[in-house]
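What follows is a pair of complexes built around chain A, which joins chain B in one and chain C in the other.
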Partner chain A sequence: MDQLTVGIFGLTGCAGDQLTLLNCEDELLAIAGKVRMKSFKMASTTEVGGEIEVAFVEGSVCQPRDLALLREVRGRAHNLVALGTCACFGGVAAMDQRLDPEILKEKVYGTEGDLFAIQRARPLSTYVDVDFMLPGCPVEKEQLLETISCLLKGSFPEIPTTPVCADCRIRENVCLVIEKEQVCCGALTRGGCKARCPSLDVPCLGCRGPVEDAYYRAEMEFLAARGVTREVVRKEMLLFSTPAGMGERLEKEFD
Partner chain B sequence: MRVLKISRDQLKKWLDELSGTVDLYVPMPAGKQVHRFEPYTTFEELDLSYTRTVLPPKKFVFPPEEVLFNRAPSGETTVPDLPARDLVLFGVHPCDINGIRILDTFFSSFDKPDWYYQRRRARLRIVGLSCLPDEHCFCRSMDCDSAASGFDLFFHDIDPENQDRGEKVFFVSLGTVEGDIMLADRADTLPEAEPEELEALLEYTERRESAYTLDLDPSILPQAIKLHQADPLWDRLGEQCLACGVCSLGCPTCTCFNIRDTNDLEGGSSRVRNWDACLYRDFARVAGDHNFRPHRSERIQNRYYHKQVGFAEAFGKPSCVGCGRCIKLCPTGIHFVEVFQSLARERLPVDE
Partner chain C sequence: MGDKIIEIKHLTRVEGHGGITVFLDGGKVRDVHMDIFEGGRFYEALVRGKPYHTLAPIVSRVCAICSASHAVCAQIAVEDAFGIEISPRTRLLRDLLLQGENIESHALHLFLLVLPDYLGYPSALDMARDHGHAARMGLALKQLGNLIQETVGGRAVHPPNVLVGGFGRMPSPSALENLVEKVRMGMEMIPILVELMAGIPVPRVLEEETVYLALLPPEGYGFVSRRIAASDGSTYSVEEFASICHERVVSHSHAKQSLYSKRPFAVGAQSRVVLAGDRLEGQARVALDRFGGQQGPFGQGNPLFNGLAQAVELVYSLETAARNLQMLLDGAFPTEEKRPEIVPRSGTGIGLIEAPRGILYHQYEFDEEGTIVDADIITPTAQNLSNIERDLRLITERYGSMIGRDGLLLPGMAPLNGKDLPFLLQVIARAYDPCISCSVH
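Up next, the complex of A and B:
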């Protein structure tokens, strides 16, 4: 495929994944030669409607207008790529599903919150078919470029499904759990980040979202056995490592 | 085999010289708790009394990620070059030397030996170093506590606790002609060990043997695994295992890999192989989303079965050298030796 028609859309989120694309400074010209951008509000006010080959959608669905935009984009796009952890799994916005969204809104916006409606944060796949998920907070630049390159050839890339522990051990880091007795979500979390944080002695917060068969109970048990309170482990896990909706299950399993 | 004597100062001079002509890698401390094989900088920085590195030397012959070939948009393919200089690994312990021997067997066992492995192996020179076991070592049980061959030179340090002693000497065994050449003209000038020094070397060997705290009988391993395939132990391990895969990644003899193609914006591509592990869910997943081993308990059992039964039946001995990395690296404390002791105790008559 010589040129790919693409749209980049943001739901509720920090726009960090869209920014990652703009930060591909050395590759922007090459991308511009291969991609016909139909919509990218962060970079251009020009909006072109109609069919697109690929829609990259960032953020989670937190408002009725997010859902309306998502459905509209899905209807126009041959392929829909969930861009970033919020779009893939719900991310930080979906952190604690026990909390009432209305109370959260009031806490953050006060009476100004009356101006817009919100709903419980969910990932894209709750509402529409997602063709490919590219997790990350933000997404890794190389993986984003690889995704575009593969889409140009009509396929999706193979991105790592292994946990952060794999990246971490390949870098021969000190294990923050074994050797420093910290709470690290590396074993629960999708790798492919080259273990950025543990390599700097910062425990993994799980920002790339959960591996497919994340085993929360075993992680909870062994951290608890090392004297970490269950509440601390739960809090760390809920930040990113659990997909939206897992919160209730964690409650059931651990309380 | 001749045993020569070399002083600490002579060793330092030799390594300084050698690092000018080869790619020299040595055990280096990374923080207090872990070691890695890294490029030689200065003699003072390397740690001669290290216990084990996080990754075994397999990373030099079978790297975590390796580009097999690049394909330009024109269709022309090229294989990345390797450096022309030899790669000398100094300070390899016997378990890891045996690990490389197992890799040699495995990667040359097919109709076509693995070309990528062979070309890395051809430039690798191995200089062994003696060691004292810690609480995770069970190389003696796996008959890998010494290396009869598989090294070019081997250094014995019979006083490893005292690294800074002024008159410190090492005893050097010559393993190959290449080892002799590596020592340059020193091999002819270094004195041979005196009889009483050989005696001291033997005493050290005995001291080392009595330092092992882990023990298992490898002759019963295959039967224990085969007999107990339905044992509830595997389910318990499945409940404990996080499937993080580090036991495989850190294993000196685990060789599973994935191959994938990557693309670039210009239309070029690369074929890449990278380490994989049977503990991962995607490892045995095939078309149609069928998975031969969907549960962690099946995967962990498969790993034990493969290493102690499958490999042993195909190659005559298990693919385990007792280096203790899988024990040391497991975050949830799954203990290879205890797993076997538990299986053996339950059902097989074994002398305690």
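Up next, the complex of A and C:
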């Protein structure tokens, strides 16, 4: 069988998901033997054009340059995998869709001329078809390896769709909202991280993006009964996934 | 003769997106640009209006490779603003976390990103076919650094366990015991690591007077301090940093650039070795001496020595991690403790640490509720950019005649067949271990 051709691409992000691939130290050399890497700029000078069976794309679209690369990659790739929460849902750069990116830019760079073109941070699916989403900030190593091994067999894996709360129950954590009066995004966030943060007594910040069919109204009533205001929700629960609709839905349920 | 341009569209084997453009005017170098075209996320503006406890998780996302540094630096700034004292155990654990990050980051850079240049491969994965031993050692060290970060920080990247005043949960004694064993195995690699690096000649392509800046701890070698030293003999306080490292916006780069007294300067492992190498002890000191000593090649303005400085620091970080673990386990401090009470107050706080690539500065202004009003982040790579451009210019001036010619002959190195000036420019830029996401942020 021919080797699977793969490309790893980065738009605007922190490279955490590409790093997670490099962090598969035990498996990296074996993976390298099984795939033909056509592009992985962070790790290799090799750059081969043409079709790719699987393109992993990290980061969100924050500038015209990102969009051009995304379209080019989509055109070459049979399968496009959104790698990490930025690519799936917009991530941190997209945390507040009410903010005007031009004003953000001016706050950082001053008014000394318009240096470069930007656009509002958006996930890949705003612009192109995405075949598979692997959320996480960064992605969980085991899920990344599972995805690669499924792709080698020609399929996609099953990634958990249950909320972080389900992971918390499995680990028998006490609930941070009920027992410790904290603001936690676990009920609205897709699990699969083994409730990393609540297991450390740290509230979930929603880094894996919104769970698909969360019951927003119940969650808002639950939080409101504990004195959590709309302002707190806006400031503390909307750090990663606003473009995926989580922000609007949360706000709506508060009315 | 018309104008000519050397263009490296996309620098590879670095974190993030950047290129190099050299403008030649006749035979002369007119300008050199380190083009940073990474998208901006505008963190300094994004965090405004957010509560202080969301700060570290947000800004750790500036960069994955040095996410622990960003998280710790942000918390130091919050603690500075609110007047919070941290416990000795928290201090030691944070240092252990930073040592883990330094091991991971240096192993990644040295073995996976830079060594392929010296051994003539497009990537470490290609290099591994012929030099499996070196690739595996790099991967093993990297893995150890990640395990330390995972154990202390709760995740190898973007550590959620680093809170204001302490940790969500302190790692258990059994988790620390497990690290002791792994660090011991890492330390067994030290002699091989040092000999491997000593056997790879560093090309003497450039020796240009350079100003080095690094933090100087109250004692010993280390990554946390409130005092900055420069190789011109000056020292500065934390409050002076933003003004001595003058940041300006340049038109060809999304990253700002810094100048110290109107001059480019360098930060990072090499700068730390130049300024504090005499404080190293144990095997790190032996390694430093093996590579020519502090007064040897490191301070001569050849950026290619950064790799050897990183090798010295790998040894230092392994030894320090072992020492920290021993102190944490010998019962001198209680294993469980409550975090100090956090009472926000209005004011400004500054965090300053040595990230793997150099001085990292976070400054925040808070209102009386602890909401962020203003933020300023100065990253190591942004500080290095002017110096990188200067070096690229000097290299082009010196080796300009090699453009388009095969078989670049570098002093102290076998001829690089099939490689010419653009290759050398990339080698120079990579030696600084640029972290481009950080530089833009």
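Some notes on this structure:
Throughout what follows, the second predicted complex is superposed on the first by the 232 of 255 C-alpha atoms of A that agree within 3 Å, B and C clash if a C-alpha of one lies under 4 Å from a C-alpha of the other, contacts with A are read in each partner's own complex, and residues count from 1 in each chain.
Here, a residue touches a chain if its C-beta (ideal position, glycine included) is under 8 Å from a C-beta of that chain, and two chains touch if they have at least 3 such contacts.
This structure is a prediction, so every number in the text was calculated from the model and none was measured.
Once the two complexes are overlaid through chain A, chain B and chain C fit side by side, free of any clash as defined at the top of the document. Once the two complexes are overlaid on the shared chain, A:Cys150 sits against chain B while remaining clear of chain C.
Once the two complexes are overlaid on the shared chain, A:Lys34 sits against chain B while remaining clear of chain C.
Number of chain A residues touched is higher for C, counting chain B against chain C. When both complexes are overlaid on chain A, the residue A:Val202 reaches chain C alone and has no touch with chain B.
Looking at the shared chain after the overlay, A:Glu212 reaches chain B, while chain C stays out of its contact range. Using the contact criterion defined above for the overlaid structures, shared-chain residue A:Cys175 touches chain B, although it does not reach chain C. Of the two partner chains, chain B is the only one touched by A:Glu158; chain C is not. Taking the Cα centre of chain A as vertex, the centres of chain B and chain C in the superposed model span 110°, given to the nearest 10.
Of the two partner chains, neither chain B nor chain C is touched by A:Val228.
With chain A used as the common frame, chain B approaches chain C to a shortest CA-CA distance of 12 Å.
The intersection of chain A residues touching chain B with those touching chain C, taken from the two complexes, is empty. Contact residues on chain C toward chain A in their complex (touch as defined above): 10, 12-17, 37-42, 44-46, 48-51, 54, 57-58, 61-65, 67, 108, 112-113, 116, 122-126, 128, 135-136, 139-140, 142-143, 146, 154-158, 160-161, 163, 167-169, 249, 251, 254, 256, 371, 437.
Interface residues of chain A, counted against chain B in their complex, comprise 27, 30-31, 34, 145-146, 148-150, 152-153, 157-158, 161-163, 165-166, 169-170, 172-175, 177-179, 186-188, 211-213, 215, 217-219, 221-222. Listing the residues of chain A that touch chain C in their complex gives 10-20, 22-23, 25-26, 28-29, 32, 37, 40-47, 59, 62-63, 65-66, 91-93, 95-96, 99, 101, 103-105, 107-110, 112-113, 115-116, 118, 121, 137-138, 196-197, 199-202, 205, 207, 235-236, 239. By the touch criterion stated above, chain B contacts chain A in their complex at residues 30-31, 33-34, 36, 53-55, 64, 239-246, 249-250, 260, 262-267, 275, 277, 280-282, 296, 328-329, 331-333.
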